[in-house]
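Taking it in order: structure first as structure tokens, then the write-up.
By written order: A, B and C. Residues from 1 in each chain.
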Amino acid sequence: MGVSLADLAAITGSELRGDPDLAITGVGTLAGAGVGQITFLSNSKYRKYLEATKASAVIVGAADADACPVAALVAADPYVAYAKVAQRLAPAARAPGVHPSAVVDPGATLGSGVTVGPGCVVGAGAVIGDDSWLVANVTVLERVQIGKRVIVHPGAVIGADGFGIAQDAGRWIKVPQLGTVLVGDDCEIGANTTIDRGALEDTVLEEGVKLDNLIMVAHNVHIGAHTVVAGCVGIAGSTRIGKRCLIAGASGISGHLNIADDVMIMAMSMVTSDIHQAGQYASGLPLDSLANWRRNGARFRHLDELAKRVKALEKKSDKD
Amino acid sequence: MGVSLADLAAITGSELRGDPDLAITGVGTLAGAGVGQITFLSNSKYRKYLEATKASAVIVGAADADACPVAALVAADPYVAYAKVAQRLAPAARAPGVHPSAVVDPGATLGSGVTVGPGCVVGAGAVIGDDSWLVANVTVLERVQIGKRVIVHPGAVIGADGFGIAQDAGRWIKVPQLGTVLVGDDCEIGANTTIDRGALEDTVLEEGVKLDNLIMVAHNVHIGAHTVVAGCVGIAGSTRIGKRCLIAGASGISGHLNIADDVMIMAMSMVTSDIHQAGQYASGLPLDSLANWRRNGARFRHLDELAKRVKALEKKSDKD
Amino acid sequence: MGVSLADLAAITGSELRGDPDLAITGVGTLAGAGVGQITFLSNSKYRKYLEATKASAVIVGAADADACPVAALVAADPYVAYAKVAQRLAPAARAPGVHPSAVVDPGATLGSGVTVGPGCVVGAGAVIGDDSWLVANVTVLERVQIGKRVIVHPGAVIGADGFGIAQDAGRWIKVPQLGTVLVGDDCEIGANTTIDRGALEDTVLEEGVKLDNLIMVAHNVHIGAHTVVAGCVGIAGSTRIGKRCLIAGASGISGHLNIADDVMIMAMSMVTSDIHQAGQYASGLPLDSLANWRRNGARFRHLDELAKRVKALEKKSDKD
């Protein structure tokens, strides 16, 4: 069984060093892979395991090729090559079709090759594109449109009402949420992530957007193509995020902002203003011992006063 | 068919300018609405679209009424009037009843006009008030009491065990969670939000509380009437929040605190002490470039020392 | 009916003061309990209610025993004793078995005494240990292994794909997630928490780990025995957390870190470096009025410059 090393070289565009007919049956880590398995070396931190690997083959960069004690695939980017090899050797175990426990409204449209897993709910007028996969217990509400080859992980909710309320004489009344959600091709949406429908226009994920778990995408948000958002991020209403951005975990982005293309936001950042330029941004404070943190945090509450005192000293000093 | 402009004026208490018999069939944005649609102008940022609107009618404030090129409803609060018009023209598509895929314990009590959507679970002894709606894949556990006209969005979990553990000889043992959750009339609970049951007494949402998505409400929390909580907020156990508060997104509120009425907490704030007075509060740090942030963050760890150095300079300077 | 006070003394290893045959039928708070109920006094804040309690018995520490006006169980740790009493008097209402609405793959293995509640999904090759309980709408994906006496609250997702992507010529391609999740005995997993499967190796919770609601545990994370994590925490990929740690709510822990045993991390902390020593750690900034916060936050952006100005003043002052 397995796949020949030659086939894996072809799939990945790698240079093959070793027996082209070697049958590879699975993948493993550099330290843990055994006979019949292929592994990879991408992070130099793991180079120490290369010499003693028990794998039958290793995907390496050119710099490590000579040091590889077994057959090798020499790739421009070993991690990308590994991803393609793993996709070939360990394809996702899913069969197209609607699980009997799923509830798909008769007015929904499913493309060819779609899988709707157990416990999923798909509302009226929803469209799920070809080869997309709702894994389990996913809720896709009415009129949501999902592109092709999209994966939605368990517990995700797409198209719930946005948080639209208006204050009428001391009570909050509901503003109907009449837009929907458009999810582009090749997006992936993590477990228990929620994407609200637009208020009047639509919430949009362009193609290739990858959302991790427990992310909140509010109404009318627009996320550009190939942007990646890590877990626990909240994006407030009507914010527009550019293409190819990287938003690290647990960041919060206020509403009605514009974030440029190619912006990278570090973990736990608070974004409250537009970002006009590509680049790396951060906020938050690094961890410290509780005792130090208490001392410094107390000073922060008087930082403005401290700055004024420094200014006063400078004035006095200038006069001397 | 649609609704006459005169009827919409009556519903909203607006002054009608134009043909009272004009039939309105739907809503749209100022820039996007067309024939038969009504739109609104509330945020002055969009005033530039008023002159060229293709809508058949616009809901405006008094100041913009003369500039409206089509029929107008002149309202004290155009956004509130719009909410009422949209509720009339685009009522939520739901029919009362229990979806066949839902699991409602025979010991639960459903009021009249209740909708229990697909995949929902309602436990023994739970009570769902008249005209409330569990949209889909909602879990309401045993003995939870939900008022009238409450909307619970998909994936929300109401009445899971609170996080009650006690340390017994190096192991954590479970403290049974014997209270429940009381949700007042006219509350709305967002997708994948969780509200834990009380430990001995109850977790309470008073009437008109609006919770966005992915919020954590821990055991014994009490939230006052008409308080609004945005997405990704965590509220720890036994904290009491007043009436008419606004808690912005991704804030965290420690346990056993008292927050006064009419408090507004800005996004991503950390609340670790009681708040005795109405007003606006914030914490956190604004975003900066990664390079600047690293420099300033490093200084923060020595802020206490810096303050002492300034004090020393001042002393020396006073002596001069 | 009920349980005799003597039996409760035996269960909890307490000293009994009063009638050993007194029948106790339930638990309540010190202020709210009535005839037939037992309560406890653990937090000194509530001592004021002891004298007037209407409970039939109170669990107290030695220091409060003489002041107890009714029968007493005198315990080393009244809260632990209360937990055991409540477990005995109010056992969780669950019957072993698979609810008809649950979807358990024929290739999954359920131990004896397992309860799979309504709407749960259990994938192929998953193993659920004896006496474990998936409450409702829980998703356990293929090959996940759950130990004995584990409780998984509604909406939790165990074993979704980790966030593994690699950039291939401007597009993100999926890195198959081939590991699984191993959950030790006596763990408890909160509502809507997500634990991703490992990329190649496994995500691991050792025994006795307690996770609250809405927590994100990324791929390859390893959490040591008896560690407790409060709600809304995010733990990024491949991080290793020690035994007996306490991670307070809404903290964020970056990937590929090592956190020692017995570390306590305060609420809303940002952890971006290894923690080598047991102890208490914090980050973040305390709340302030919006006006003060704006002033101080603006100064933070120039903190490095301020520190340099102080340095300059010191140099100048030294020369004087």
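Just so it is clear, a residue touches a chain if its C-beta (ideal position, glycine included) is under 8 Å from a C-beta of that chain, and two chains touch if they have at least 3 such contacts.
For clarity, every value in this text was computed on a predicted model and none was experimentally measured.
**Q** Between copies chain A and chain B, are the contact residues mostly the same numbers or mostly different, with half as the line?
**A** different
**Q** Superposing the C-alpha atoms of chain B on chain C takes a rotation of how many degrees, nearest 5?
**A** Between chain B and chain C the superposing rotation measures out at 120 degrees.
**Q** Using Cα averages as centroids, what's the distance between chain A and chain B in whole Å?
**A** 26
**Q** Could you say which residues in chain C touch two or more other chains, in rising order?
**A** As it turns out, chain C has residues touching two or more other chains at 101, 119, 137, 155, 192, 214, 232, 284-286, 288, 300, 302-303, 306, 310, 313, 317, 320.
**Q** Which residues, counting only chain B, touch chain A once they are in their complex?
**A** Residues 27-29, 32, 77, 79-80, 82-84, 86-87, 90-93, 99, 101, 117-119, 135-137, 151, 153-155, 186, 188, 190-192, 208, 210, 212-214, 226, 228, 230-232, 244, 249-250, 267-268, 284-291, 293-294, 297, 300-304, 306-307, 310, 313-314, 317, 320.
**Q** Using the touch rule from the top, collect the residues of chain B that touch chain C in their complex.
**A** Those in contact with chain C are residues 101, 103, 119, 121, 123-124, 137, 139, 141-142, 155, 157, 160-161, 163-168, 170-176, 178, 192, 194, 196, 200-201, 214, 216, 218, 232, 234, 236, 252, 254, 265-266, 269-273, 275, 279-286, 288, 292, 295-296, 298-300, 302-303, 306, 309-310, 313, 316-317, 320.
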